[in-house]
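Multiple structures are listed underneath, in structure tokens.
Look for chain A in each of the two complexes below; its partner is chain B in the first and chain C in the second.
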Partner chain A sequence: MSTKVTGRPAFFQSYGQELALFNTRPKKVGVALVVLVAVLGPFFLQDPLLRTLSLAFVFAIGALGLNMVTGLAGQVSLGHAFFVGIGAYTAAAISGDPDARTIGFGVQEMWVWLPAAGIVAALFGVLVAPIATRLRGLYLAIVTLGLVFLGEHVFREWSSLTGGAGVGRSAADPVLFGFDFSQSSSDSSFTGPQQLYSLMLALLLVFALAARNIGRSKVGRSFAAVRDRDMAAEMMGIDLPRAKTLAFALSSFYAGCAGALLYTISGFFDPGSFSLLLSVQFIAMVLIGGAGTVGGTIAGALFVSLLPTLSRELPRFLTFLSSSPAETPNVFQVEQILYGLLIVVFLLFEPRGLYGIWVRLRTYWKSWPFSY
Partner chain B sequence: MSQFLEALIRGLGTGSVYALLALGFVIIYKATRVISFAQPAFMLTGAVLTSYLVPAMGFVLFTGLSFLLSVTTAALLTGALALVIERVAVRPMVGKAVFTIAIITLGIDIAVRVVVNGYIGIGARPIGFPWGIDTIELLGLSIQIRHLVMMGTVVVVGLALYAFFQKSPFGLAMRAAAFDQEAAMTQGVSVGSVFATSWALAGALAAIAGSLLATSAGVDRQLWVIALVALPAIILGGLDSLEGAVIGGLAVGVVEALVSTYQRDYAPWLGDNAATVAPYALMLVVLLARPYGLFGTPEVRRV
Partner chain C sequence: MSPVLELDDVHLAFAGVKAVNGVSLHVDPGELFAIIGPNGAGKTSLFNVISGVYRPQRGRVRFLGQSTLGEKPSTIAGRGVARTFQNIALFEHLTVIDNLMLGRHQHIRYGAASAIAWLGRARQQEIHHRRFCEEIVDFLELEAWRRQPVGLLPYGVQKRVELGRALAMEPKLLLLDEPVAGMNLEETEDMARFVLDIRDELDVPIIMVEHDMGLVMDLADRILVVDFGTPVTTGTPAEVQTHPEVVRAYLGEEVSR
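Up next, the complex of A and B:
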């Protein structure tokens, strides 16, 4: 391994250097700064915003999973909501109260239910894979769409597990070694949302680091090869069914974990949550953020999750908008239209998403004054 | 036996509507190689337009005729809307990855549906179908009139499409463009207008389907989900086969009707409303056996 030439950040002398976790110094410094700001968040942000942000972090974990199968391996999945649902119910069933109306095994510890949720979802991902690996492109999109509808039906009807449509059940409690993150205990100086925010941030960092490492490992590079040209990848000795199955399993693992965590914040969920809309939200996160990149996906997840909060503020500036759902036009309509339009606009004008905007800015300043 | 036959006719009725929707998907797919997820929005638009047009057309002599006129007008208007959307949001993307375009249509679908929902209101809007859910007795079977209307519509529309694609010069151009875009262009076919026409046709078909579907319970905000049942139908038939779309649509309708008739007695553990997801289960089973549907062209991979 040779040393890096100072002052030439983009000049790599070995393959290993380019593939390093942080291959340039600005990247290392930038990530450190962002993490520092995020860690300091609880000290200067209000509880409602912290709650929204912790939700956004969990969405980011789920989006990282979709990014792995869609962004990295290029397999279109509209079925992410299905795997999120499986994770959510696995976690809720394991940690649920055994005496309650719905199935529960009373194992409250998070280190049990979180991996279990991921593994069960991953198993379902592997189950789906035999169909998925035989199909390409839009056929796959439709089949995964079918999964969402089948899943929604099962969740609605299996009321001893899910509580039934319109009723729902309580979610898993974020308890780690006897410490409940959602409740502010007497010997802790932090509020519930502050604790949850820290927990979700820590988990997001772990999952993001893992995603980045998978992305630059042999497995992740084989995914990218499959995405770029599956036939060429096969010629280079990549086992196509195996790579696709693995991509689905990893993606579902992330989705399962995200599902398990998603409802610990509100404490309650309903079988109707796992609809096509949730899948579309995840797709919007990945596409708006920048498909195939970890940083971009997280940025996209934050952006999409904060969109409702932002659009609630709109009536203040656009007085013709109403904040009551009974009148037209109201903010809820604007919010939904924004989802749709943002996807369209980003794909039309900046297909690489927020990440692409960042790359363009970076190139502009790097090559200044000769940037054209 | 009569229970079976009645279920069969019910299935063929709704299956005809699915066939109309599936035809729209397939026409767009053949012309542009993209599945347009915007079809549900066009279906909802058509149904809502019809629900507003029928009262406005009260001057026409028969109620049946005013319904027919309204549906036709709604189909034309929805086709025009589809044309505009294709021109604005889809045409700039020609040549990009099909997945990207498919997701764009998904975005369009959400945006259009929100606007249309604003005109529906909270509950269901009556659509002004003159016979509602009235039944007639035919050979000892009681059959809803609307199912007969649906079957009649698919026959008329199917024949019209057949004549258009087989006999008219532009239909020939569309078939040529679907077969090989570049070769068609060198022969003077305007591929752009082929794209536009395919969207307009699909929009119009979806509008007719939406209006027919709303004949029982009116237009509500959940109606759009039914348009997605056409997806199993086109997968069954194969993405690029018009005949397959009709057969797939009818098959999905029949399976749905049979499941809803018999599942309660023979497989109650499947839960209520298992019929609504039966098409998706059927799709998974067919795909395991035939990855390109029953009538689709298998993809040839050349190294």
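Up next, the complex of A and C:
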């Protein structure tokens, strides 16, 4: 028998109840509200902001991938941009125009190119994983850093696929069952950005749910075990190479999908995009948001993606800052400094990131008027 | 009655250091076997040989009649060897329950695909094994700390959680590496009670490395004494206590004036 006990949110009467995704009422209501506001976004936000937010949602998908390998499994990877690039080019090639100057197979349907991008990136992840099974910590970071430079070089030189440096190629078309999300069709009353926003939001929700499920399952637990104490994990019967390979594969799958989607918004991309800076942005999202948590990672991705929008307003208040990249000091420099500064500040003062701040706030109000 | 574990003339050396030098032992079903010896005698090295962390240069290791030499630690764990560590090796950021659930890892049967969907099988398995973990929580009296990250718990409790994690594996052989090291009298007595309960109620054979001689002499059925990797003697507590070589290993030789 299960009766409702009011005012005791942590009083669970069955394991099923406790293991539920949102196991308390505040969680249910809170998440429902956030999702509701996000869904209603297109009705009260302007197109440019919707565009930024769609980008942020895609970045969040990529960051969820990095969170899996770095936040959960504890394998520091600076090579995330490489896998994002693999996904972007796989999708663009599958969906591209066969008659264009760059490789294209003309299969525009998203349900083909999106999983394909993820799977190809995941395969590369599996190829890289053996390195992770032999190295850890800083050494792994350095090797994955090398991956970014390898990728950058190949992308720059392989111009029949990528269009070459400074030229680029058109991205995959967001077409699902004949409906192109980037174009406002005659029979729909929504603009392109509004449709793209809804698409990316829906995809983010799916990817986030999957990430959360992985996190709370046997798989996620084994990742956390490898992170906390790899030798003990082995004694629990966890095959370390297998666990790390799986972490890299899943993470790269997310990265590949994010890469495929990222440039459908602008429609065009350049091989220079997949640089170390992109990797650092992903790391900033995970660290600022809160390593190991899904909600935190999404918050971090939104925060980092919206940072430029905020910092471009700076010259209005700080007149010595220029908004042109040709002058010094300009807002773009400030942006880069902010990424670094925020990572440092968070690591020093709140290593659990935005998620940690949220936990602190929650604890404060839970125990109020007592200090602990 | 065939022994659970047999070691036959095991040699393990790190370059010039002979950590294990010709140790043979066998552990029978339901037995509480203790290994004692001064610091650096190679007791933990023996554990590492049994659980597959080190591969001995010479000798045989047989668990339940099958050789485990050259197998990965995770495979040996899968066969039913569970252990605790001298210096606690818990997953510090995870809760007590999650640590116990990790002990269940190899018994939980679902793949990554059903984990992503979390419908039916994955959920059902999680609930089923959670119930098992709660029984261990109950057995080791860990109720109060169930949902706390283990890194924040007191030392004695962490030791108990580690024992629980090993029990969650439903082991066929349990290796305890200094279960009461650094504990006060009360915690030691509690742990002794748990160890006896494990052997008698759960019927799990145990090998225990321990420096607390009172505990070892009270609990163990048989004792192996090692010194500098070399076996000194094996016998019941009474036999071992009076063995001249053992006395010499622990107390040193009498110096003639």
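Note that in this section the second predicted complex is superposed on the first by the 355 of 372 C-alpha atoms of A that agree within 3 Å, B and C clash if a C-alpha of one lies under 4 Å from a C-alpha of the other, contacts with A are read in each partner's own complex, and residues count from 1 in each chain.
One rule holds for everything that comes next: contacts are C-beta pairs under 8 Å (C-beta built on N, C-alpha and C of every residue); 3 or more make two chains touch, one makes a residue touch a chain.
From a predicted model like this one, the values you see are computed outputs, not experimental measurements.
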(request) Once the two structures are overlaid on chain A, check if chain B and chain C clash or fit side by side. (result) fit
(message) Let me test your reading of the model: by the given contact rule, A:156 touches which partner, first (chain B), second (chain C), both or neither?
(response) first
(request) Quick one: classify A:30 as touching chain B (first), chain C (second), both or neither. (result) neither
(request) For A:19, decide between first (touching chain B), second (touching chain C), both and neither. (result) second
(message) So in the superposed three-chain picture, is A:106 touching just chain B, just chain C, both, or none of them (first/second/both/neither)?
(response) neither
(message) A:222 in the overlay: touching chain B, chain C, both, or neither? Say first, second, both or neither.
(response) second
(request) State whether A:214 touches chain B only (first), chain C only (second), both chains, or neither. (result) second
(request) Go through the superposed model and pick first if A:231 touches only chain B, second if only chain C, both, or neither. (result) both
(request) Based on the superposed arrangement, let me know which partner A:267 touches: chain B (first), chain C (second), both, or neither? (result) neither
(message) Looking only at chain A, is it chain B or chain C that touches more of its residues?
(response) B
(request) Check the residue A:131 against both partner chains and state whether it touches chain B (first), chain C (second), both, or neither. (result) first
(request) Write the angle, vertex at the C-alpha centre of chain A, between the C-alpha centres of chain B and chain C, to the nearest 10 degrees. (result) 80
(request) Could you tell me how near the closest CA atoms of chain B and chain C get once both structures are overlaid on the shared chain, in Å? (result) 7
(message) Show me the chain A residues, by the header's touch rule, that chain B contacts in one structure and chain C contacts in the other.
(response) 231, 235
(message) For the complex, give me every residue of chain C touching chain A.
(response) 51, 53, 72-74, 77-78, 82-83, 85, 89-94, 98, 101-103, 105-106, 108, 110, 112, 115-118, 122-123, 125-127, 130-131, 165, 169
(request) Spell out the part of chain B that touches chain A in their complex, as residue ranges. (result) 34-35, 89, 92-93, 96, 98-100, 102-104, 106-112, 114-115, 117-118, 228, 231-232, 234-235, 239, 270-274, 276-277, 280-281, 283-284, 287-288, 291-292, 299, 301, 303
(message) Could you list, by residue number, the parts of chain A that touch chain C in their complex?
(response) 15-16, 19, 21, 210, 213-214, 216-222, 224-225, 227-229, 231-240, 246, 250, 292
(message) Under the definition above, what is the set of chain A residues touching chain B in their complex?
(response) 76, 130-131, 134-139, 141-143, 145-147, 149-150, 152-154, 156-158, 231, 235, 276, 280, 283, 287, 328-329, 333, 336-337, 339-344, 347-348, 351
